[in-house]
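Shared between the two complexes below is subunit A, which has subunit B as its partner in the first and subunit C in the second.
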Partner chain A sequence: MKRVYVNEQWCLGCHLCEYNCAFANSGMTDMVLALKGKPIYPRIHVEEGEKITYAVSCRHCEDPLCVKSCIAGALFRQDGVIRIDRKKCVGCFTCVLVCPYGALAPNEDGVMQKCELCLENSSGAPACVQGCPNRAIVYEEREESQ
Partner chain B sequence: MRQYVIIGNGVAAAGCIEGIRTMDSKSGITVVSEENRAVYCRPLISYFLEKKTDPERMQYRDVHYYERMGCRVLYGKKAVQIHKENCEAELDDGTFLPYDGLCLAVGSSPFVPRFEGIENVEKKFSFMTLDDAMALDAAVSDNSRVLIVGAGLIGLKCAEGIVGRAASVAVCDLADRVLSSILDTDCAAMMQKHLEEHEMHFYLNDSVKRFEKNTAYMNSGAVVPFDLLVLAVGVRANTSLLREAGGEVNRGIIVNRQMRTSISGIFAAGDCTEGWDSSIGQNRVLAILPNAYLQGYTAGINMAGGSESLDNAIPMNSIGFFGLHAMTAGSYDGDMYEEKTETSIKRLFYKDDLLKGFILIGCHERAGIYTSMIREKTPISSVNFDLLKKAATTAAFSAQIRRKKFGGVV
Partner chain C sequence: MGIDFIYPEFEVVRNENRCIACRVCERQCSNEVHSFSAERGIMMSDETKCVNCQRCVSLCPTRALKIVKSNCTLRENANWQNDTIREIYKQAQSGGVLLSSMGNPKPFPVYWDKILINASQVTNPSIDPLREPMETHVTLGKKPDRVRRDEQGNILRELPPQISLSMPVMFSAMSYGSISYNAHASLARAATELGILYNTGEGGLHEDFYKYGANTIVQVASGRFGVHEDYLEAGAAIEIKMGQGAKPGIGGHLPGAKIVGDVSKTRMIPEGSDAISPAPHHDIYSIEDLRQLVYSLKEATEYQKPVIVKVAAVHNIAAIASGIARSGADIIAIDGFRGGTGAAPTRIRDNVGIPIELALAAVDQRLRDEGIRNSVSLVAGGSIRSASDVVKAIALGADACYIATAALLALGCHLCRTCQSGKCNWGIATQQPELVRRLNPETGCERLVNLMTAWRREIMELMGGMGINSIEALRGNRMMLRGVGLNQKELDILGISHAGE
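Let's turn to the complex of A and B:
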């Protein structure tokens, strides 16, 4: 299936993907109204190491430890995409404890959220990919040995 | 066509069903459920008490689950004996269920010590099942003084769930600290302080000497009057079915990494088992939900003729109280790296080039990166450990490992 991949050599560390993600999932039509002056809770985050930056979002694992560990049965897989039923999540953070990529984090209400590939929001395709100024983030099918 | 029988209908059973169905989509699965409920999320009963969820949202799977998975569920039935020579499970209504593969996912039961006078305590509760939580929910009022015996995971989650609905909540424990099974002394002290700020009162290093109706007389001399008593001392694995069939049990049903018991054709999964803990390199009861699912899933695949092994099970817990989260994993063995503030503490334990365990309170961001290092036994020498100590980040891994992890072309 198609996943979001990042070429870390092309990542500028500009954090635009985080803003585009937060906006795409805000349910609003004006980016300024949605984000200006507010703390943002994106579902992608930029990792910064020594001389390296790259964005990380859910890998949609073939063997998703978060789904298997969720104490609320809130995480599930649908057509390969790892999704979350946020009405069921109680914010226990077990998924944060087990995700090897650090790809889950709570929103402002303490309810978990994660990348669902923008399939259900107004963007319709990953907003992080569409907005990446250096095309470091791509959405494509790759052979993987997960 | 084969016949699969699963005794129990909790998360381990669901894992088993889903494991079987990865291999065998046709054969019949019979689930024996003592509770008159579809599989639900037992760890959420404290959230139910707190009114943060409800029985509908507590369902572990959707309403068509058993139908979709081709399962027949026998509700309100209990297995009383296993006849291993005939490969049959006998139920309390006299039914005999023949099986090609049997999985015991029978969980654990609350352990109640013999306190003097406890038989005269009128309103006493366990805190294991949704029925327990519903009984407590119906009994509690603004005027209730609640005494909880046990400051472990179950007792304290119960306390958190009920404290806003009761006049007072006191918790006692024989141990000298809260959450003694997962927190060391300093970390427990930080959590206890936080709990006390939320109106919980503790009697630690203390236990009930005797009850006189609605008063507990403690060993320390303290006298604790109460209206509702919750017994959350601990749980015991339900091992009797397998023991009586001649199978090997210790503190739980002994299983190997394929979840096979010592009796051919019989598997076990979840809180009833004692299985491999890779963090200490020996068998242990790991009564946590992720393990229940993973064990059940592993058992299911093997029952259906597959080959699956659960090699990297470790103890791990994420438990929060009033917004302060504690995460723990592995064993607290070896050298320690510590970062501490007023409201947070991070302790990483490492030895022999491996991260062995951690305790994180109030600083849990991306903790799964640490957990994965313990589970996968990632050599510390292969990562930038100085960077990793400060923050859980995959940036601490080499470009080569990152490429593998993220499927990149870097």
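Let's turn to the complex of A and C:
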């Protein structure tokens, strides 16, 4: 399955992926309207150390702890993609506790959200990958599995 | 402030209606122009630091930014222009030699733009390169004067060492140190993929790049940095750098700040020490001395590699080239006065040397007149900007062209001409790891390959239009060129007729 991978060697820590993610999932057609003057709730986060930056989003694990632990059955797996039915989420934060990557977080409503590879939004393919200026984020098939 | 104040050259124009304060501009500017004002909730800019590299403009996700030329002006004066006055202020303040980067930006004539190319009509057929064979391959090196046979009458096929190129363009010398590891990696990979050569410049060859040796020219310059036996053996050809178009007559100085880590190791000098290349080679004061170095290098590599001698285009270049041809060099590279540099004294860059078009034509003619044109190949460099410049250069007598500025543009350079600061926002002319990583060699290589592929196609189209199907048939074919707006002296030197003749 194609997944989003990050080559930390090329990550510049510019945070464009976060903005492209928030925009792609905003449902709007104008980035300015979608993001100007508001806090953003992206589904990818740039982790920053002193000499390294690295964008982290859902790994779409083969054996997803979040799906196993979801008490409301909101998280599920569809064609390998870990998806969330946000209507079912009760906001218990169990998934946040168990995800080793910190890939789940609530949005402004307090309902959990996560990377769903932009398959259903206006972008159609991962917006973080398309907008990365240094090809640090790639969307590809790799042999190793989680 | 006060008497030292010089109004910034550029203004950062931010469209507040579009800016989403994502702070990408702030994070990407190594000059620290942009900042976020938490109190006001908006981005601010300090244009005194802006060098107009366009990094922020290129990465802004909402196109909220543009950089414009400041219109704060001194009283207009055709003699004392704004830039001239500013330079005086800077020197009155610093007492220093002014430094600049990249090629001469002054409005000297560009002869390429005053030369037009022929095309076939009616009486001689043009060739469609999409349907008919078209050869862009060239070999550089000494060619034999006559056919030689053994006692049985068989033709002797042994040639002096040659280098083979899929198209008549090579990436010219840029040292590891003046440009980054990733820039070198991009050039090396692209040259290999394209079947052409790149040039190490004077900084030695990083151990990671020995594998690209078959597509590498290793340079030996006056500082001899990074030169050792394996280095000479690694390349496909060896270049002796006598001069550089951007700064003829002077040496180089890579500041200690850039001699870090692998740069120091590759150059074989201590970290933090300034890498100073002397103006002359201290062992070369005559053609005979040059001959000694040419043959020392040939001896060291068992006569397996052609030796290139690179000189800046200066007065009497034809006589100089004639001397070089007689020194045993296989290839002469001539670098015109518009050639780029990582740093040069402004006065030298802007006032020394001559245009490559005139130098090339003069050299080719002189070597032909002396009957020694076949004993060397000619490579022309110093602002070859497009496929048509390449075609014109070949018709003027070049065997191939060197490009570097065009290659850097493909890698993201926006010609802000501040390489000397070492803070290149595009990851090219810098050694700061967080900036170097901005150039992903995968992208760099791809863009270089694209550029050269495009040029190769254009070269074929132009040749086809002339009814010529190989570079060999175009070389020195000045009948294919006409001048426009040139005086008789210029036409005579270029060896071409005026348009209409």
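Details
The rule is simple: the second predicted complex is superposed on the first by the 145 of 146 C-alpha atoms of A that agree within 3 Å, B and C clash if a C-alpha of one lies under 4 Å from a C-alpha of the other, contacts with A are read in each partner's own complex, and residues count from 1 in each chain.
Just so it is clear, contacts are C-beta pairs under 8 Å (C-beta built on N, C-alpha and C of every residue); 3 or more make two chains touch, one makes a residue touch a chain.
Keep in mind that what you see is a predicted model, and the values were worked out from it rather than measured.
Considered on the superposed subunit A, subunit B and subunit C are sterically compatible, since they fit side by side.
After overlaying the two complexes on the shared chain, residue contacts for A:Gln9 are found with subunit B and with subunit C alike. In the overlay built on the shared chain, the residue A:Gly131 is in contact with subunit C alone; subunit B does not reach it. Residue contacts after overlaying the shared chain place A:Arg86 against neither subunit B nor subunit C.
With both structures placed on the common chain, the touch criterion links A:Lys36 to subunit C but leaves subunit B unconnected.
Note on subunit A: of its two partners subunit C and subunit B, the one contacting more of its residues is B.
In the composite built from the two structures, the nearest CA pair linking subunit B and subunit C is 13 Å apart.
Overlap of the subunit B and subunit C interfaces on subunit A comprises residues 9.
Subunit C meets subunit A in the complex at residues 17-24, 27-28, 41, 58-59, 61-62, 433-434, 437-438, 440, 442-443.
Within the complex formed with subunit C, the subunit A residues making contact are 9-10, 12-16, 19-20, 23, 31-32, 35-37, 51, 131, 133-136.
Residues 15, 41, 43-44, 47, 52-53, 57-61, 289-290, 293-294, 297, 316-320, 323, 325, 327, 329, 364-369, 371-372, 376, 384, 387, 392-396, 399, 402, 405-410 of subunit B touch subunit A in their complex. Against subunit B, in their complex, subunit A makes its touches with residues 3, 5-9, 47-50, 52, 54, 56, 59, 65, 68-69, 71-73, 87-88, 90-102, 104-105, 110, 142, 144, 146.
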